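Here it is, the structure, as structure tokens.
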Amino acid sequence: MIPLSWYLILSAALFSIGLFGVLARRNAIAILMGIELMLNAVNINLVSFWRYGSPAEMSGQVFAIIVFAVAAAEVAVGLALVISVYRRRKTVVANEIDMMKW
Amino acid sequence: MTAEQIIQQILFFISAALTLGSAVMVVATRKLIQAALWLIVSLFGVAVLYALLDASFLVVVQVVVYIGAIAILFIFAVMLTQRDQRDKGPQLNKSWVLAALVGLATFGGLTFLVSSWTGFGAAAAPIPAGTVDMVADLGTALVSVDQYVLPFEVASVLLLAALIGAIYVAYNRK
Amino acid sequence: MPNPWVFIGLFIIIAAIIPIGAIVVALILGPKKPNPIKQSTYECGLETVGDSLVQFKAQYYVFALAFLIFDVEAVFLFPWAIAMNKMPLYVALEGVIFIVILVAGLVYTWRKGALEWV
Amino acid sequence: MNFWNDPVAFIADWLSGIFAGWGMPEFWSNLLVFAIGIFVLIAAIMVVDIFLVWIERKVVARFQDRLGPNRLGPYGLIQPFADIIKLLIKEDITPRTADKVVYNLAPILSMSSVLILWAIIPLAPLAWGVDLNVGVLYLVAAGAIGALSIIMAGWASDNKYALLGAFRQVATMISYEIPMVAALLIPVMLAGTMSMQGIVEAQTFGEPGVWFILVAPLAALIFAISSIAELGRSPFDLNEAESELVSGYHIEYSGMKFGMFYAGELLHAFTFGGFWGILFFGGYSVFGLETLPGLQWLSSPFIAVFMILVKALVGYWIIMWVKYTVPRIRIDHMLAFNWKILVPLSFTLIMLVAVLNKLLLGYGTLVYVAGMFLANVLLAIVTIMILGAYARRQRLAEEAALQIPARAAGD
């Protein structure tokens, strides 16, 4: 018997670890990995609310699948940007990517 | 508590430890390829959690999309930019202490928020009898006009936009 | 058995134990006489030159990108394919619209020349 | 319960009876029975795998006009066991610069990613690992783990050739996964379920009740081509390319670890032979004869297991036939063939089958099957005509480009 609270706390912990990765890592690819962890935390929440709330309705799973699509789109564009910047500036360190800075 | 419930709890703890432990390794490992491999372990742990939650479809989708596609894309991107890996230098930026504080505060805040909610300790709702194939229900929900057909089509447009945008950015020959 | 994943989990564990067993038995039975030449990187007998992490073509990334997008598309299409049998004709057309929108992306990629291996 | 009608349940009942006699709670005895069943199944698969080595060597020898292994035992049948003993007593060499953990994990993952496929293969009407309601996607997921094991092997070996081979192989696998998934969608659409058991039953007892090869021959062809690419077998074996890359991602592996990659590859091909049988050729059914009156005895589980193994062997033989007949193709041709021909073709096919399936289902079996079959053939002919026209234009352009300087030189 697993209460809902366990899943919620796990998901909060995963979200915080991902947030730390996003804020603290220097490498832009590692930052995107942190974002993936955060999106997974969101998905755990959605699925556990579906399972503990109303398993007869499929809303939770539909939301989770939409999050998959969003994650895929985010990774595709994010990594394309990193590679494009790397081609021009030869760097993947987020702080050094300052083309847009005035 | 029956043996089955205890085993369920043990499985939950194992997969939670797998997910969180490898998530910590993702943000802490020096070598980026190893971080990507730890990310795969973490995503696999999440897949086990979905299995515990009876979401069969999401288990395989997690493996197919995250491990089979997104992780491979990460590995390719790391390989493409490895001239600038700088695995030797510091991997965390100067304000990492602040970032750790923000992370801890977020965790504390979220835990406080959900624990003050009434449904915090809820037990799992029983799966309604008669649901033979949950994937069929999912498909019906996705394509029924009065349910989620609009998100279904919009997802297609989102993926199209992502494909065009990413190809435009990543592929600038000439 | 309420949850089929219990069986799959057991299967995965046993399917991992058997190859591990074979490799461990081979480790016990085989000779162990390592030397630096034996353990060097194999490149047809030549000395290894440079880092083994060579620079890859960006083209690999473009194909992985297209793969990711169409893989996610397939994930949306499987529930659609299952539900179709019990639903009226317009459901089939919803899926057709979904595919046509994404094929437009393939056409764009093609016209842009990103599918050429140069 | 009769042993001859349902041997698996019979033995399972007998075993749990014994365990209950020892005073074991029902939950644990069930789990133990499952574990024993899985262990027996995997052990049987490994024995089949050993004989696959012999079959492969014998068949390739015949294709190349040789005799193949013929010294050890009758027809060289003991040869694979000698091979295993050799692999077991070979020294295991690990490169100094390799990432040890990932290096050792890769061959294990490679082998298990194939073995776990057998969890969902329906062997007989009442004998299968688990009737997973997402079986078809599980097949794709196992393929994803296989791709991962290859990239791990290539990276951890710390060898240029290994990494290049791994990248080529993974690029092939992920590219051809799109038409494969698209071809898999069609049996799912026709059967209305993703469970392998459901797909097999739909081909025997379903609404039209015919093998899907008759309803969707083009999907079967696309699945065959893309699964050969997924297996990394010739003509898509650019990962190995002995002349350029020595042997691709497993160049640094020796002894039993190499054996795991090798045995995994053979078993993978055999397993995909089985999946062709299940998805398009009626699985364990004996040509649908068991639905006829008087022939019910054909649905016996023993005949069913025999049928699925025969179908898998025929599929495996076709994969070998292609492998030892067709030369290796270039990577740009291979990727162009996938993205410019197979992917658009398979998407067109999905749309066609989706609409036709809805339109034709009300008109009786004969019209339905004939309509679907003709639509598939028509699509194939149109594709071939477009390709032919394109090839002719290319050839004329090249000839024109060659002729102008030739005439200039002649004048």
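Each chain gets a letter, A, B, C and D, in the order it is written, and its residues are counted from 1.
In this text, contacts are C-beta pairs under 8 Å (C-beta built on N, C-alpha and C of every residue); 3 or more make two chains touch, one makes a residue touch a chain.
Quick caveat, the model's predicted, so the values are computed rather than measured.
> Can you identify the chain nearest the overall CA centroid, using each chain's own CA centroid?
So the chain sitting closest to the middle is C.
> Could you compare the number of C-beta pairs in contact for A-B with that for B-D and name the larger?
Higher contact count goes to A-B.
> Centroid of chain A to centroid of chain B, CA atoms only: how many Å?
Here chain A and chain B have centroids separated by 7 Å.
> Provide the C-alpha centroid distance between chain B and chain D, rounded to the nearest whole angstrom.
29
> Report, in whole Å, the distance between the mean C-alpha point of chain A and the mean C-alpha point of chain D.
About 34 Å separates the centre of chain A from that of chain D.
> How many angstrom lie between the CA centroids of chain B and chain C, rounded to a whole number?
The separation of the two C-alpha centroids amounts to 18 Å.
> Chain D: which residues touch two or more other chains?
132-133, 137-138, 163, 167, 174, 177, 192-194
> Any chance you could list the residues of chain A touching two or more other chains?
Within chain A, the residues that touch at least two other chains are 65, 68-69, 72-73, 75-76, 79-80, 83.
> Out of chain B, which residues touch more than one other chain, so two or more?
52, 54, 56-57, 59, 61, 64-65, 68-70, 72-73, 77, 79-80, 83, 133-136, 138, 140, 142, 155, 159, 162-163, 166-167, 170
> Who touches whom among the chains?
Those chain pairs satisfying the definition are A-B, A-C, B-C, B-D, C-D.
> Where on chain A is chain C touching in the complex?
65, 68-69, 72-73, 75-76, 79-80, 83, 87
> Using the touch rule from the top, collect the residues of chain B that touch chain A in their complex.
1, 5, 8-9, 12, 16, 19-20, 23-24, 26-27, 32, 35-36, 39, 42-43, 46, 49-50, 52-55, 57-58, 61, 65-66, 69-70, 73-74, 77-78, 80-81, 83-84, 86, 90-93, 95-96, 98-100, 102-104, 106-107, 110-111, 114-115, 119-128, 131, 134, 137-138, 140-142, 147-148, 151, 155, 158-159, 161-163, 165-167, 169-170, 172
> Under the touch definition given earlier, write down the residues of chain A that touch chain B in their complex.
Residue list for chain A touching chain B: 1-10, 12-21, 23-27, 29-30, 32-34, 36-37, 40, 43-44, 47-48, 50-59, 61-62, 64-66, 68-77, 79-84, 86, 90-95.
> Taking the touch rule as given, give the residues of chain C at its contact with chain A in the complex, in rising order.
Residue list for chain C touching chain A: 58, 61, 65, 68-69, 71-72, 75-76.
> If we count contacts the way the header does, which residues on chain B are in touch with chain D in the complex?
2-4, 33-34, 37, 40, 56-57, 59-61, 63-64, 67-69, 71-72, 75, 79, 133-136
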